[in-house]
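Could you have a look at this structure, given as structure tokens, before my questions?
Letters A, B and C mark the chains as written, and numbering starts fresh at 1 in each.
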Amino acid sequence: MTSMMDLIHELWFLRRDIVSDGFDQALNRLAEEIPMRIHTYPSGEACWTWRVPEKWTCHTAYLETLGGQRLLDYADHPLHAVSYSLPFEGEVSREELLRHLHVHPRQPEAIPFVFKYYKRDWGLCASQVLHDSLNDPAYRVVIRTSFEAGALKVGEVVIPGESEQSFVLVAHLCHPAMVNDDLSGVVVGLEVARELLAGPPRRFTYRLLILPETIGSVAYLSHNEGLIPELHGGLFLEMLGNDAPHALQGSFQPESQVDRCFNSCFSSLDPVGYTGAYRTIIDNDERQFNAPGVRVPMLSLSRVETPKSSGRPPYPEYHSSLDTPAIVSSQRLEASKKVVLGLIDAWERNQYVVNNFKGEVFASGYGIWVDYRLNPEGHRRLFEIMERCDGERTVAELALELGISFQSVWEVVATLLDKNLVRLSPQPQPTSSR
Amino acid sequence: MTSMMDLIHELWFLRRDIVSDGFDQALNRLAEEIPMRIHTYPSGEACWTWRVPEKWTCHTAYLETLGGQRLLDYADHPLHAVSYSLPFEGEVSREELLRHLHVHPRQPEAIPFVFKYYKRDWGLCASQVLHDSLNDPAYRVVIRTSFEAGALKVGEVVIPGESEQSFVLVAHLCHPAMVNDDLSGVVVGLEVARELLAGPPRRFTYRLLILPETIGSVAYLSHNEGLIPELHGGLFLEMLGNDAPHALQGSFQPESQVDRCFNSCFSSLDPVGYTGAYRTIIDNDERQFNAPGVRVPMLSLSRVETPKSSGRPPYPEYHSSLDTPAIVSSQRLEASKKVVLGLIDAWERNQYVVNNFKGEVFASGYGIWVDYRLNPEGHRRLFEIMERCDGERTVAELALELGISFQSVWEVVATLLDKNLVRLSPQPQPTSSR
Amino acid sequence: MTSMMDLIHELWFLRRDIVSDGFDQALNRLAEEIPMRIHTYPSGEACWTWRVPEKWTCHTAYLETLGGQRLLDYADHPLHAVSYSLPFEGEVSREELLRHLHVHPRQPEAIPFVFKYYKRDWGLCASQVLHDSLNDPAYRVVIRTSFEAGALKVGEVVIPGESEQSFVLVAHLCHPAMVNDDLSGVVVGLEVARELLAGPPRRFTYRLLILPETIGSVAYLSHNEGLIPELHGGLFLEMLGNDAPHALQGSFQPESQVDRCFNSCFSSLDPVGYTGAYRTIIDNDERQFNAPGVRVPMLSLSRVETPKSSGRPPYPEYHSSLDTPAIVSSQRLEASKKVVLGLIDAWERNQYVVNNFKGEVFASGYGIWVDYRLNPEGHRRLFEIMERCDGERTVAELALELGISFQSVWEVVATLLDKNLVRLSPQPQPTSSR
């Protein structure tokens, strides 16, 4: 088993455009690490309102002075060509060149990540520094790209559980030569899947999807419509290696059980983490899962310095050639893996708590009495939880109602389970007629 | 077709008491302008807890000094006699006279509008100025009125729509010799009805009712109980000519679709208009439609300087002889007509928006993409609306949820309809099982 | 019929431990005052998660110096022995004695009330003053108690009503030699039951339970499970003689009809009283009735200076030998009785108000018109209430919606009932389809 950082070093510089040989190469390499089914969707295939694009290959791309001095070259860095650039070859005026030469809005030294998957044009990318040095009246551009029938690939790792009901983890792999966005989410997802596979069976089936952003999710969902009702919740993973606190973004349905569960346990998993509503932190594939006709409540987890709602980029190196292995650390990837596993643990436990008892429990008779003189907080919590165990509230709902963490509630519920005073149920089981 | 102002000039000074020849004369004149069915309810007829009163006629009414000097005369102004005054003839002490002589609480020069339809007494009305000059020990009063079997009249203009489901416009006509309250609402209602008749068929049937206040509504509703379930919403019209902003008063059911719809589109129709809850702006016939056993959600539209909740009158000339054609303008009547038509347009459009698509729409493929770099607001709005098109929200509910206007939502929905990406439904059609 | 204060004087000093001859003696004496069924539950009997404890008798208990000087004696005051103390006899070091000698945390002159019903040990109770004077190296302790098979007793007074549906009043009797807590609640409950018995039949059956705290409620409920669905509400009574305002504590279900009803009428019954949420004022038997599997909405009424949420005791003499007849007054007991009867009156009246009318009522025709010029508040209230009489709101819900008292609403509803304009219904009867 290759470590997360080693996989990053091995795969990050690949030309992983959405439908491309580089993407396939990366996915195949990941499939060596874990049992994975690879779904293929041919170019042109209808996916709801979308179509799978052609495979794109960039053979050569460079910019030269008319004197033949090479100013930038795709061979040096995959970001120098706009992803899905049309081919172009010829002498262009400085003015025309600048209309097709993209720079990063904030990082003068970096090459930006620019893509034109559907509204196509030819284009190159350069640093602001290079851009500003272009003073010749004309330059020579060579972009040799080809568009041909290919197939979009979606890798799916299934960890079967006791039920067909599924929880889905999603990460995208299509950002060429960048690491935090998006390879970090892929390797954390992979490690989580490995741990789930190695552990005991879970209540839910888990599915990890590794795919090209947006079109990959649409392709998978539109070809697996029958599965959608089984998807009870999901989590999108991305930007998990940079030096920033975890941000948990809610789903479109903030009252869903998965939203309640994750929100009630998150602060215990990362005390400096923060939460935000749907679409306020960062947009990704969770949009497809939360969308009309699908409505799978999918949250997202990422490390984000400045949420989308601030109007600023999520981290300084975002969508640039500065997003390299140097900005991620194995400690942070490891910590993020633990947060994801912690969320999943809570999700597995988040059932309705049904009382086997009536009236108040004879606490001292069961040896669970907490002396209010020694531990007033613990005493109050025990009774506040017991009196709400009525088959109408999940563990997460108890936590939110009492304003305490999922984990604090679970501690008490585990004791009550141990004494056979309560049982868990995936469905509400009200024990009172009122 | 007579203009609104011409109709006002022609009808305003008529003695339009609730059941009277003057009321009939005005209603018959309006029936020449538009196809109208006139319902008649004979005096004494039971109307739920009410009874239709007798026809009232004032033949003569005046006040004289004992020396024969005439101080006020009904022949000069219909407001000089209390509406439904009992007859009386004789010499009265100054003290007794003042108990029956009504003045306006705020306008010393004006004759007030006073009515005693059910708790009857004899009475005259004068200006405060005249009142204060009465220093003789006794005066002579002559009031010759008659009460006889007659019939209350309700004019109904029906504009048939694609469905029997109806929307009802109401205005009262029973305020003698006054204009803003109430003739202005009548003529605006008439113009709206004319435009609806001239236009294409609408989803709803529209009914304009012109009637005497309160008892007219009760008479109509109690004799058309079978129609009540078909009345899906309504709007009362009054005080639409004076120089004040529009005020939209909600119905008893603030969560009704018509309340949501009108509230979400109103500020675009009159940017200086304001809204208020049921019974906080002005009380009129909407009380009968909103009442128990009826519960038609009826809002009201008027131009009101100071809402009822302020404890002050809605405009200075209210219920006085100063409420003449001079205080209304054809521009304001015209503007109010446009507001009413704008509300109706929204009401017609306010259906559930049902997605024909699943997942996110391939916006650029449909040519509806909005570039977030050029128009971030438009981009965000497009996606925020699309992701809520799920058959569970009306246009108005989308607007209220997003905090934008009905019209802004409609603009996007119209584009989506044009691309066949959504359809409209009068009923909810949820497209997701969650 | 013995007065409340006379009963207190007669019964207060009895050794009314939870299962004891003193408890039985007190209950039997109360049964002479009112028809009462006495339920018996033998020691060892299972009651849901609990078991009925043995009968406990303290024959002798005292503390002596080794020289034979008696320092405290159970014969002088029942609180000198811990309730349910194990027997013990022997010489003990000062250090060991102090581990078993309990004092009051705030009242240096008082003997505290200490009980160890389930976690047993031997123990004596003394004033802080005596405790601080104990400087000998050793003392002699004699505690002769016996534990034997007995029976827990629950007294039940039933006042049959028109329906089997019941309202339950609960008071506990098991606090030996104390008055405000708990005898005051018992005698107020008894007087309320007497008045109900003497009056006309009520809609509900009323049940007064007099029992040992907690285990008495659990014993009764667990042996009358079939009755639980008939218990529509309840009120626990305690601390009703001391000089403090009434505090009404809500049930676990703050939206229940009984919570709404009591909350809307309480401030008229005691203008200086206050209310608090479940478990914020004082904990007692209402916990058993509100518990999972039971969920009878039971509020509690007491006179409390400082609610539990303040972290301070409810009154200075709480759980001490200072809780004597001197701190309660017959005037306050009488006033509390009136509050309880006032709550019950409201509860009896709290039905859905169903309109026999449609539209607005012809108020002057029915002689119920309120002139808005003379009484604007009364006018507004009349119409605000009438327009909400639609079979969907109880009297209490009308009061809460309008922000006025139950009694103010009832005054109008009574007038409408008198005019046959409305009727009352125990169930919702919506009269409009919308």
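Following the convention adopted for this analysis, contacts are C-beta pairs under 8 Å (C-beta built on N, C-alpha and C of every residue); 3 or more make two chains touch, one makes a residue touch a chain.
Everything numeric in this text was worked out from a predicted model, so none of it was measured.
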Chain C and chain B - chains in contact with each: A
Equivalent-chain rotation between chain B and chain A, CA atoms, steps of 5 degrees: 120
Can we say the copies chain A and chain C touch using the same residue numbers, with more than half in common, or are the two sides different? different
Distance from the mean Cα position of chain C to that of chain A, given in whole angstrom: 56
Residue numbers in chain A touching two or more further chains are none
Listed in rising order, chain C residues that touch chain B in their complex are 355, 357-362, 364-366, 369, 386-390, 421, 431-434
Which residues of chain B touch chain C in their complex? 48-51, 118-119, 214, 217-218, 221-222, 225, 229, 252-253, 256, 287-288, 290-297
